[in-house]
Each structure stands twice: as structure tokens, then as C-alpha cells.
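To start, the structure itself, in C-alpha cells.
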Amino acid sequence: MTNILNEIGIENYIFLSVILFCIGVFGVLYRRNAIIVFMSIEIMLNAVNLLFVAFSTYHQDAQGQVFVFFSMAVAAAEVAVGLAILVSIYRNLGSIDINNLKNLKG
Amino acid sequence: MIHIPDFAHASTVQIIFCFLAFITVITAFLAIFSRNPIHSALYLVISFFSIAGHYLLLNSQFLAIVHVIVYSGAIMILFLFTIMLMNLNKQNEVHKPRITRLGAIVSFCLICIVLILVFINSKPIAGEYIATGEDYQSIKVLGRVLLNEYMVPFEFASILLLTAMIGVVLLSKKEKTEK
Amino acid sequence: MNTNLALLLLLAPFLGFLFNIFFGKKIGKSASGIIGTLTVVVSFVATLVFLLQINETKEAIQIELFNWIQISNFRVNFGFLLDQLSILWLLFVTGIGSLIHLYSISYMHDDENMHKFFAYLNLFIFFMIALVIASNLLVLFIGWEGVGLCSYLLIGFWHKNQEYNDAAKKAFIMNRIGDLGLLIGIFIIGSLFSTLDYTTLKTAIATSSNLDITMLSVAAFALFIGACGKSAQIPLYTWLPDAMAGPTPVSALIHAATMVTAGIFMVTRLNFVFDLAPEVQNIIAIVGAVTSLVAATIALVQTDIKKVLAYSTVSQLGLMFLALGFGAYEIAVFHVITHAFFKACLFLGSGSVIHALHGEQDMRKMGGLKKVMGITFITFLLSSLAISGIPPFSGFFSKDEILMTAFHNNIALWVIASLASLMTAFYMFRLLYLTFFKEFRGTEHQKNHLHESPALITFPLIVLAILATIGGLISLPTNSWLSGYLAPLFSKEVHEAHHFGTTEYTLMAVAVLGGLIGITIAFVKYIKQNQVPAEDAEITGFAKVLYNKYYVDEIYDAIFVNSVNGLSRFFRDYVETALSAAVFGLGKVTNELSYQGKKLQTGSIGFYLFVFVLGLCSIVTYLFLAQ
Amino acid sequence: MNVSVLLIILLVGSFATYFAGDKLASKVALLFSLFALGTSIALLNIYNAGENISCFKFWINNPSISYSLTADGLSIIMLLLTIALTPLIIYSSFGNEYKNAKSFYALILFMTFAMSGTFLASDGLLYYIFWELSLIPIYFIALIWGNGDTEERKKAVVKFFIYTLAGSLFMLIAFVYLYQKAGSFLIQDLYKLELSRMEQFWIFWAFFLAYAIKIPIIPFHTWQAKVYQKAPTVGTMLLSGIMLKMGLYSVLRWQLPLTPIAARTYLPILIGLGIAGVIYGSIVALRQKDLKKLLAYSSLAHVGLIAAGAYTLTIDGLRGAVLQMIAHGFVVVGLFFAAEIVYRRYETRTIADMGGIRTQAPKFASMFMILVLASVALPTTFNFVGEFTVLYSLSQINLWFALLGGTTIILGAYYMLKMYQQVMLGETNTKVFADVTSHEGLVLVIIIAVLFFFGLYPRPINELITPCLDQILRTINKIQ
Amino acid sequence: MNTLIAIIGLGILCLILEIFDARKAIIPVVVIGLLAVLGLDISEFNSPNAYYNNMIIVGKFSSAFSALFIILTIFLVSLGHKFYENHQTKISDFIAIKIFLLAGAVTMVSFGNLAMFFLGIEVLSIALYVLASSNRLSIKSNEAGLKYFLMGSFASGIILFGICLIYGAMGSFDVIEISELSRSAELPIWFPIGIVLVFIGMLFKIAAVPFHFWAPDVYEGSPALTTALMSTLAKVVAIATLYKLVKTMNADISPSFQLIIVIISIASMTVGNIMALRQVNVKRMLAFSGISHAGFMLMTLLSTAKSSGTLLYYTSAYALAGIAAFSVILYVCKTKENEDITNFHGLGKNNPLMAAILTASLLSMAGIPIFSGFFAKLFLFNQTIQAGFIALVIVAVTNSIISVGYYFKLILAMYTKEPNEAKIPTPAVIYVVAVISIVLNIALGLFPSFVLDLLG
């Protein structure tokens, strides 16, 4: 059994991950709907997960994939907390536009 | 060096990779650009599925399944649920100030270019990718690694989740004093 | 024995001072006056003892008490040197001092702060004694500054009047300018010879092989500046006329007889230094001559009785400096002594007049006093004759010798000095005529209360008048006791026995003639023509310039006082503010930065992340792409 | 028995004062300060008997910092100045009522503690700690118990604090740098260092910044007048009487021996700055409307001369500087107290509002006069001894320095007498001015007695400091 | 390891107590428990050990810092007694979450595997997100929570990416293995990039410029006790972790990397101090002060070989002063709507002890002797000069001067202004915490060797 990376090349995975990661960054910066911003962060985490798996294959090592589990757990926890915060903001403000959240400044 | 896929002589795997990559990136973009949050969420689900496809391509079936279950099944449902809860599906964002968009695009381009350039600049990996032939990503192996070597982090992840749980309860619980 | 006696001599007035300061108010005015006087008399007696002793032994008495100031290359002791010069000086300091104390008992009797007056007088005597008996320059400096201080206190004795206070302050500060000169001189001498002690210094100079004459000249010049300050020479003389603000006994004691002669004392003391600096001696002579003329011209038109005497003092001091400039120290000393007698007498006499007129000092408001104030008039007349250089009064001898020395050395200066002494005769008799002759020009009230002063006032007048008359005896042209007495002090055998020839007699005649001319002009003007000096506003022409003392005070004010004050205002208002602003400015700039910086903290997550990404990119770029 | 006993007494005194409560605070403070004075005299005797009263203990291993107090002549004399002035200063405040007196007096004692430590410490860092520590109490004293408009006072005091701190932090860097070189903060080890010209240059200016601000040397004096004016008189006394001397002492103890080459190179500039301070301070003092500000500028002029003396690098200069420091310490405390006495009665510090006091208060007038005279260095007062020695040392460097520095005796007389005239003389003021009370009188009399005693007999001090100054001078001259 | 287990056990105990409705007992039990844990931790100090495949490596460094964290947590939990008075129903949640946060913190300094590191940092972060927005009815708190959450997740993403690249380069998550491999010559560039990304992520956590923007807003918006926690515990944890990461993973830092540290350090100090000057809100001011302190602490990274003791000292000094300061802030602003400086007016008259404690803590932060803040700075400067960065020290000193400006603004407000209202009674707990922390601070100043030499 050959390493599948022989055909694709680890670089391409890296580039894909980087681009995906950057899209996530872009989303965080571009959108002001907090939910979409969260989603963008999920994209970032996913990009990393993908790279983990690719590296796991690259090293032929299970640890990378195990790490993805943790990363997922973290993502889940973050989303839960994030959404809870969002909900309470929505309750108070009736909106989740992060541009409205500029009370703290200066 | 960046390998421009040679579509004429590309192997199946390469074509699949390119296809999946294309889907992933496009849907991710669409998820961000889409005005309707529901659409965003759905695009994101597709994106996640395509990532799962990547996992399958890399022959990590278990992870792919877990990925689908956790992300598409749990996280995105949570998102959708919240969107529904807040009744955001119709909400259209007010036109964003130009400066914000410009900033976003600039930083996107910047970080993209910088990171890609960094990786391009690096030496290409010489030689063959190792293939030990050993099983390293079946459920069995993963389970062993996870519960032997990574037992502590595994347990600790439970603390993480517990913390998140307490946190969410804390944030959502109504107190008696509140009206 | 000597030590104890010297200490008694020194400290008796000081004890008097302490006593009067602390208990003077309680024991009553007369008692404090008497105690004040007695302490000075004690000093006088002690001086006499020393005089007798030194007459026998001919040896200076040196007393070292304890180490005072320690400098790297020498130490300064508290020490006294009682030699011929200091004892001579002590004699008239304590002698005239006693008389003036006595005089003051009566003169100041109406003043509520009489005990303080005596305390200050005693303190003055104490410092004067310290100045005179010092064995080194630094102890001399104690006395030097101390008498300046007492002068300050006494000029401003009536401290409710701010003008008097101004005068006192002026005197102190001008003295201090001189003091700085003296200090500089001391520094140079100290560093050149590693000693400030007179005796050691004298030996050091005598034995030293390669003297730095330039530095020594600078030192001599600096010392001379010090003498100028204390002895009211150009350019530092303007304080003395103003110092007349003090009570008249003060003017007599401090500003005529004793303190102002300190400069002459110091120069005489350090004759061996000045002898080595002929340029400086020339300067001294010129300054002395010019001062004497300038002061005399000013005195011509003054109408304040004490101002006339003050300028006369400046003028006489100028003559003494002229003598010093020619190295004729004993002649200067001689004139100091005679001057002390007659000028003290004149001042006390004027005090008697002022006392009689209840404080009136303007001669235009006097006149005809000889009828009521006989004794005062006679003593005043004798002293005036003495100062005018009419033989056989004491002034004749001393002044004549100065003129003669001047003639031998420098004709031009002789002319100036002669002119000054001619004027002296004129203004003194102008004063005399205006005060004592003709009719009284004051108010009716004053006229009714005219009276001769009490015995306590007239007694010192009489004594001083006698001394002024016969004082010349101590140094007759042919047989000078003084020269012999002072001879051990001077290195050079100068003025080898006045060889008297025609020139000398001619000169003497010229001098006497000059005095007589002055007296005659005054007589013609004020007795014959019955003139009275014009009111202030009516004075015109050169007389006005003279009357206003050549506007020297105004010039000094404009050049020094105003500029310093202007500078002060400038510093205070601009430089201080600017410096302060510079320091505050740093704070302000940071504060402003903070204010501007706050605008960066927009509260927008997008912006925050944008900067985050920028930071990330720049770090990565720098680390991985820039190299 | 060693010198740390003294520090402990002061520190304990400070706490005891605080816990004694508002009513007793002043008395407890006075008691402790007198006790400290007694102890210091006892220590002086022990020292004179040739015994060692220094103290050395390791404190921090790495970096190696030790609790090292060395008492030599210079330290002891500065210590005595501090300890002797403290009871006077405390006693002088008895006529005033202070809110929260316990804190006030506790802070005074604490400040004395810190200042004494500064004079004693022979470990660079310990010294620095005490140096900084002394800043805090005076900050609060000036801030809380000061007078005048609060906002202005705040501005002045904060400026003072930040400014002084700024200077001293650069000194800290210099110390740390020296530590890197020597591996120890101990002064004897630092003395042994052979620094290059360049290093000396930097270290010199780092020290200079700290000291020039503290002393202050122009143009770093801008904090001074305002703070003196705004601080309560007790604070002003502490500042001008003792704290300034910390800077001057440090110049002698630390700056010169550590950076002799630099000191020699910049000698004319430094002396020039000192003398510029003399002239500038005197001239600015002429036209001050506020009594305390005037005294502040007079202080600037005097310390300028002291600094000039110290920078001559001659034994005369150093000795004169030390003598003058002590003399100035006493006289300035006396003068500020006189200002306070006037303030207690007139409740103003504006000179124009005063006048005619002499008629009503002859005792006070005489004592004030003596202080004024001492301040203008009348011979027989202590100040003369110092000033003479300093001026002499200046004349050894260059006669012009002596001449320019000597203007202080003219200008000083001018502004002081002018002040005296305006404050004390003239027509009787309509306002009643009671003569000094017995305790006010006592303070002034003690100060005057000290001034005259050492003015006539400075030998004990000379003997105490000369060996130590010689030692310092030897260190300075070790590299020629 | 035992420490960690004990802490987690304590957290769960806390939840169980809630079930048994023993809310009143929670805080005392937890404080006692934490003291016990502290003892346990100290007992581990001299027995370095690695547990479970190097997942947790207990050594002097980790024990010492863990002890510091535990002490800080004790203070913070005790302060909660008053602070959560009106939130009795949630008290167990609050306390438990803090204890789990502590667990995360301890993990962060004793990790032996990047997985533990990542999980630790996430536990800490998630707990902080929750605590920041825990005042659910306050829009400010919500905003703070969301801002922190968004930016924190973003940073987590970066850290994760960095870890991923490190893994890609090394094929392992074990730090010992990584550090051994990193000495070999041939390294893919992924490794340094990964390190840099993790580094940047951690810079975000310690709020270093230019990744600091969240700090002031979040500090201001969060409930005061949370701010106290963030500015003391969280910051200390982050810097300690960063230090450990840099030290263990990258034995010698390249000069260009050092330059980056120097620049960030300077920027943090300067921006933090300058921005703090014009702040009216005390929490916000302390946030900027924290940024500047982050800049100072970063200086330890320039001489990683020897500076662990210095870092421990600095962080202890800073955190203890912070605790003392925040106790007073909690006391003063308890009944107020905001934490503006005006609330502190006249504190010197109303409550001299509290004013004195706040003054002392501010002086410590400003670096005035004899408070430990001074020694912290001194040791830091000493080490930095030794490493040859004298210019950096000069900048740092200049910054210290600026910092005095705003610390004294607060002091001035306490002592020169008239109080706005009558005296309010002080809860004993706050007194105790404030006094103990400031006494510890001063004690550290008097006996610095005790902490300084702990890590050799």
C-alpha cells in the first residue's frame, strides 16, 4: 500500500488548508453577523483538522488523528459557549450584529 | 514549488482531490458571502462534507464519520437551531462600510499571500513519502492510542466539556432574583 | 596673661553687647548706656596696657587660640597679633569709641530702643577690635564683615523708615562687593603662599625666590577692591553718604572715624604685598586722588549737614589712599588718626546741632547757632580749621605730608589733591557759616527750643576738639614719633627723614594758602554776600549735576540694579516658565499621544482582528520572507 | 552595636507613632527622634573610639545584594545631620494642627529612616532602595498636608515625584550595568572597577541625571520652587534640609569615585552648571512674591555652590561641600521655620502682605536676622566656613569660577536683605504679630547655636570627614 | 499530576455540594481544599516526574507556578464570597468553573504534550469566556464575553494551526521529543512557522501589542472579579506557558526572533503605558497596565536559560499586587455602576487602610522599592542587561516613569479629593484578602531570594 500523498503531495494539502484557514479569517473579518463569524471560526478549525489528518498520513502516525478528536471536542465546546453568549446578547439587544457591540472602547 | 495539477495526466486521486478542494473552498466562500444565514449554514455543511471526503481520500474512515457526525450532525445543527431561534433567516445585513470590507479583503489577501509564500519558499519535501504499511488509522488503532497514550488528554477533554457545560448553564440559567 | 588681657580687650564689648541685648530693656536706658560705655572703656584701658608693654618691648604679641578653618594647604587659626599698628588703631577705635558711647547716652536718650543701639555699638566695637587685632586675613575678614553688619544694623536703626533700610541694605551690599574682592585676594594669597597669617606671609614673601608677581598683583588689586568697598572709594563710595541715615553717633563712629579706615588698615597691614605690585599702587593713588576730588566737588553744593560731612569723609579717605598709593603708609595712618579726631568731632558737633533742632539736617534751615551753642560752635570751628589744613591744627600736618608725597611722586595727582583740599576748606567753612552765623532760618518752634546740648554731649566734643587741635604733634615734619613707632612694620626705609628744603616750605605755604583761599571764598559768599543755597528745584547747570552727585546713584541703578532686577523678572517670567514647560511638555506630549491613541481603540472587533492579522503577517514576513 | 540599630529605632518609631493615635503622635515621634539622636551620638562615640559600627549581612543571593551599612566619617556626619534635624523639624511643627496627625508624623519618621539608610548604605542597590523609599513619604506629606490650591499642588507634587523618579531610574540602570561588570553591588567592589572612558561617560550622566534633579542643579530645578511652596513647611524642611543633601552626598560617595575620568573631563561644565545655579537662583530669588518660593530659589543658589565645590575634585571642594551641606541644612530649616512662624500669624506667604514685624516681635526679628545672616555666610557662622572652603577650592581650579561663584555673597545679601526688609521692617503692620512662643524660640535658638558653634569651631566635623574624603579622593585619583 | 487530579476532584466536589444544597459551605470547603492542594503541590516540588507517557511533566517550574496559581485562586475564590452574594443559585457554577480554570492553568504549565497544552489553554479560555459574560443581564458583560470569545477562538485557531505545523514537522506532540528533534540540523520550515504561530497565539493571551486590543474592552466589560482573575491569574498563566513553550521547544532563539521579542516588548510597554494615561475607568486602566507588564514579562524570553526564577518572581509580584488592588476595587465599586476613578475619591479619608493597600499595590506595580514590584523589575533589568539588551532596558525604564503617571492619578484621587458619599462597611473577607496579598507582596520584596532561587 502506497502513501496517498505520493500522488497529491503534502504541499497541496498545506495550501488547501492555508486557503481554507484564510477564508475563515476573512469570514471573521468580513461578516458582522456573529453567527457567521462563528461559522468562519469553525472553517478555520476545520482547515487545521484537515491538515492534521494530512500530516498524520504523512507521518503514518495516529497521533495526528487523535488530536483531531480533541480539536473537535474543543470546537464543540467553543460553539456551545459561544452560542450561549450569543443568545444572551440577543436577549439583551435583539440583534447579533457585532458592529452594534461598540460600547467598550477608548 | 507549487504543483500545478496536470489535468491531462492526472490520476483519479488527483482529480478527486482537486474536485474536493474546489468544493471545499467554494462552499466555504459561499458560506461567508451568502446573505441568508441559513444558506450560509447549509453551504458550510457541504463544505464539511467535502472535508469528510478528504478524510476518506486519506483513508481515515473513522475520522470522516466522526467528522460528519460532530460537525454536520451536531455543530451545524446547533447553529441552525440558534439561527431559527433568533429568527435570523430573513435578516439582511445592512450594507457594510466600505472600509471594513476593504480591511477584510486586504487582510485576507495579505495573510493568504504571506502564508503561501512562506510555504512556497520552503524546501520541497525530498524523496518518497514513507509508507510503513502499518495500520495507523483504523478504529482499533485510534482507540488504542486514544485510551492508552492519550488517556490523560482524553480525560481532560471531558473536563473541557464539563467546563463548557457548566459555563453554558451559568450563562443561561435564570436566577430567582431576575425578573 | 597677654592672652587673657587680649581676650578681655576683645570680649568686653561683646559681653556688653550680650548684656544689652538680653537685659538692656530691663535695666533701663541710662544703665544700659553706661554699661555699654564701660565695656569700651575697659577695652581702651587694656589697649593702654598693651601700648605701654609694646613701647617697652618693641615686640609684637602673637596669640593663637585654636584652629578654625582647615584648607588643604594651610590652616587658619583664631589668632591675634598685637603689634604697633593694631595697638595704634585700637587706641583710637576704643578711645573715640568710648567718647561716642558717652555722647550717645545723652543723644539717644529719647529713643525707645536705646539698649539695642548700645548693643549694636558694642558689637561694632567688638568686630572692629577683631578686625584690628586679627593675626591673619580670615580673622580680619570676620571683623571686616562684622563691622559691615553693624553698619547695616545701625544705619537701619530706625527700621520703620524704609528709606533708611534701603540705605542700610545698600551699604551692606556695596560692602559685600568689596568683600568679594577681599576674598579673592585671600584666595590668591592662600594658594600662592599657603598661609594667611601676616607674620608668616611676610617671611614667605621676603624669602620666596620666584614670586608670581602677576598673581600677586591680581591679589593686591582684589584686596584693594575690598578696601574700596569698606573705605568708600570710587567706584564703591555711594553707600557712605546714604549711610547718614543712621543716628549721628553712628556716622561719627563708623562712617567717619573707624570702620571706613579699615581699608587703609588692611592695605597698611599688607604693605609688603602692595609694595610688590607697583601698578596696583598706581591705581590706588589715582583712585584715591580722583575720589578725593570728586567727593569734594559734590560736597561743595550739598545742603544736608551730614551729607557734606560724608562727602568730606570720602574725600579725606581718598587722600589717605593717595598716600597709600605712594607707599607712604605711615602718612596715611597719620591722616587716619587726625581725621578720626576732627571728623568725629565734626560729626558729633553736627549731631549736637541736629539734636538742638530736633532732627533738622538741612543747612538752609539753620544759621546763627553760635549764639546759643557756644561750645559746639567752638569745637566745630577748631575741627574745621583742622580739616582745612590750617596750621597748627592736626590736619595741617597730616594733609601736608600727603600733598608733599604726592608732589614728589606725581605732580598731576598733587594738583588734584591740592584742589580737593582747597575745596575742603571751602565747603567746611560754608557749612560753618551757614550753620552758626547769621540769623536762624528755621521755624519759630525750633527757634524757641534752641539750646546748648548737655554736658554728656559737649564733653566728647571738647575732648575731640582738643585732640584735633594738637593731634599733629605725634608726627611733626621734623620729628615724627609715629614714623618711629611704626617703623618695624615697614620693610623699606621709606621717606628717609623728611629732608626739609625750599620746595617743602613752598609746598606747605601753597597748601595753607589753598586752605585760606577756600575759607575766604566761603566767607565772601556766605557772610559778605549773605547767600543761602537755593531750593532744590532752583538749582541749575553744573551745580545741579553736583547737587545730584553726578547722578552716580542713578547710573548705578540703571546699569546694575535695574538690569539685575530686569533679568530677575525675565528669568522668573520667561525662563522659569519655559523650563517648566519643557518638563511639563514631555508629560503633555505623552498625554496627547494617549488621547490620540484612545481613538485607535475603536471597540470594533473587525479592526482588532485586522491589526492582529497585520501583526501576524509582519512577524511571519520578517522572520521567513525578509531573509 | 551597629548603625542598623538606628534604622530600627526610626522604623519602629514610625510604626509606634502611627499606632499612638492622633493625639499622642507628635510626642511619640519627638520621643523617638530624640532617642535616635541619643543613639547616634552614642554611635559616634563608639566610632570615634575606633570601633566598627558598620553592618553587613547577605540579603539576596542572585543577584548578590547585601544589607550592608557602612559608617565612615562622611556617612556619620550626614546621618547626624538627618537625625539632628528630625527632632527639630518635628518639634517645630508643634504649633500646627494636622489632620490625621498619626500618619503625618509616622511618615516623617519613615522618611528619616529612609534618608538615614541612604546615607549609610554601601551596597548600591540597598542605597537605591532607600533613595527611592524616601520619596514616597515626602510625596504624601506634600500632597495631603500641603497648602494652596489642591489642583496646583497635585500638579507640582506629581511632577516632582515623576521627575525625581525618572532621574533615579537611570541611576538604577547604571547600577545594574555596574553590577554586570563587578558581580556585586558593594561599593568597595564597584570602586575597584576599571571602566573604559565610554562606560564612564554613560554611567556618569546616568548618575548625573538622578542627582541633578534631586539636588537640583539647573536646568533640572523646575520642580523645586513649586513643591517647596506647596508642601507643608515640615515637608519643605525635610526636602531642603536633608533630602537635597542626599543628592550631594551621592555625588561624593557614588558618582565621583565611580566615574573619575568622566568627572574630570566634564569638570568645567559641571562647575559651570553649579555656578550658573548660584547666579540664576540668586537672580530669580530677587523677584519672588512668595516667601517660601524665595527661600527655594535661595536654596537652589546655595546647593549650586555646593555642587560646584563637589565637582572640583579637590579635597577643599569636597570638604567645603560637606561643611556647607550641613550648614545649609540647618540654616534652611531655620529659615523655613521662620517663614512658617510668619504664616502662623499672618496666614499668608506673600511678601507684600507682610512688614513691620520687627517692632512687634523683636525676638523673632533678631533670630530671623541671624538666620538671614547665616544664610548669606557671615563669618563666624557655619555657612561661612563651608562657603569659604568651597570658593577657595573653586579659585584653585580657576579664579573666574571663584569670582562668579562669589557673586553669591553679593546677590545673596541682596535678595535676603531685601526679603528681610520687606517682611520684617518698615511701618508697623496693622495686623498683630505675637512674638515667638517658647517652643518656636527653642527651635530657632538651637539652630542658631549650632550654626555659631560650628562656625567658630568646625574642627570636630573636619576631623570626622577628612580621612573619609581623602579616601574618596584617592579613589578618584587612582586612574590618572 | 496529583495536584491536577486533586484540583479536578475539588471542582467536582464543588458541584456535588450544590446537589446536596450546601451552598454556604462551598467557598470555605473550596478554600480549605485549595490549601490542601497547595500543600500537595509543594510536596511535589522536589520530586520531578513525568506521568502518563509524558503527558504531564511535573518539575520545579510547574510546581512553583502551580503553587502561585493555586494561591491566586484561593484569593479569587475568597473574594467571590461577597461578590456572588446575590447569585447564590449559581455560586457552585462560578466556583467550579474557577477551579476547572485552575486545572487548565496547572495543565498549561505542566504539559508534556501539545495536546495537553491545547486542552489546557482551551479549558482556561472557555472558562474565561463564560466568566467574562457571566453577568448575563449586562450588555457590557455580554459584549466583553463575545469580544473575548471571538478573538480568543481566533487565537485558538492560530495556536492550533501552529501545533499542527509543529506536528507536521516533527511527527510528534511530545515536547521532549520535539525539543530533541529541533536540535537536529534538518528541519522543515513548518516547525519554525508553527512555533511562531503558537507564539503569536500566546501573545494574544498575554495581551501583547499588537494583539492586545481585546484586553481593555474585555477587562472593562467583565464583572470586576473576572477582571481580577484575567489580569492576575490568566495573564500569569499565559506568560508562564509561553515561557515554558519557548524554553522547551526552541532551545536557542535566533537573533531575528529576539528582535521580534524586543520590538513586541517595547511596543507593549509603550502602548500600554501611554494608553493608560487618559483612562477614567480603573479596570480599563489596569488592563493597559497589564499590557505594559506583559511587555516587561516578555523580556524574560530574551534569556530563557536563567530567567525562570525572575519570571516567577515578576509574576508573583505582579499578581499579588493585582489581587490587592482588585480587592479594593471590588470593595469600592461594589455598589457602583462602573469603576470610574471618581468612585475612589476620598477613599483615603473614608477607609485609610483600603486606600493604603491600593496605594501599596499601585506602588508595587510602578516598581517602587520596597515592594516586590521593584525587585521584579530590577531582576528583570539585570538579566536583560546581562543578555545585552541595554537599549530595551532604557525603554523599559522610561516606561516605568510614564506608568507612575497613571498609577498616581488613582492615588491622587484617593487622597486629595473629597469623598462623594459616606463610608461603606468593608466585608471582612475583602480585608483579609487585601491585607494578606499585600503583605505577601511586601514580604516578597523583603526576602526576594525565597522565590527567586526557587527555580535556580
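We just call them A, B, C, D and E in the order they show up, numbering each chain from 1.
Criterion: contacts are C-beta pairs under 8 Å (C-beta built on N, C-alpha and C of every residue); 3 or more make two chains touch, one makes a residue touch a chain.
Computed from a prediction, not measured in an experiment: that's the story for all the values here.
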Query raised in the report: Which chain's mean C-alpha position is nearest the mean C-alpha position of the whole protein set?
Result: D
Requested in this report: Could you quickly compare B-E and C-E and let me know which has more C-beta contacts?
Outcome: B-E
**Report entry** Label of the chain whose CA centroid is most distant from the centroid of chain C
**Finding:** B
Query raised in the report: What is the distance in Å between the mean C-alpha positions of chain A and chain E?
Result: 27
**Report entry** Where chain A and chain C are represented by their mean Cα positions, the distance between them in whole Å
**Finding:** 98
**Report entry** Geometric centre distance via CA averages, chain D-chain B, whole Å
**Finding:** 71
Query raised in the report: Counting in whole Å, what is the centre-to-centre distance of chain A and chain D, each centre being its mean C-alpha position?
Result: 66
Query - Contacts with 2+ other chains: residues of chain A - result: 10, 14, 21, 24-25, 28-29, 32, 38, 58-59, 61, 63, 66, 70, 74, 77-78, 81, 84-86, 88, 98, 101, 103-106
Query - Sites on chain D at which at least two other chains make contact - result: 162
Query raised in the report: What positions in chain C touch 2 or more of the other chains?
Result: 587, 598, 601, 603-607, 609-610, 613-614, 616, 620, 624
Query raised in the report: Which chains are in touch, pair by pair?
Result: A-B, A-C, A-E, B-C, B-E, C-D, C-E, D-E
Query raised in the report: So in the complex, which bits of chain E are touching chain A?
Result: 114-115, 118-119, 122, 126, 129-130, 133, 136-137, 139-140, 142-147, 149-150, 153-154, 156-157, 160-161, 163-165, 167-168, 171-173, 190, 216-218, 220-221, 279, 284
Report summary line: In the complex, chain A touches chain E at residues 10, 14, 21, 24-25, 28, 34, 37-38, 41, 44-45, 47-48, 51-52, 55, 58-59, 61, 63-64, 66-67, 70-71, 74, 77-78, 81-82, 84-86, 88-89, 91-93, 98, 101, 103-106
**Report entry** chain A contact footprint on chain C (complex, rising order)
**Finding:** 598-599, 601-606, 609-610, 613
Report summary line: Per the touch rule, the chain B residues reaching chain E in their complex are 118-119, 121-123, 125, 148-153, 156-157, 159-160, 162-164, 166-173, 175-178
Query raised in the report: In the complex of these two chains, what residues of chain E are touching chain D?
Result: 309, 348, 352, 363, 368-370, 374-375, 378-379, 381-382, 385-386, 390, 393-394, 397-398, 400-401, 404-405, 408, 412, 415-416, 448-449, 452-453
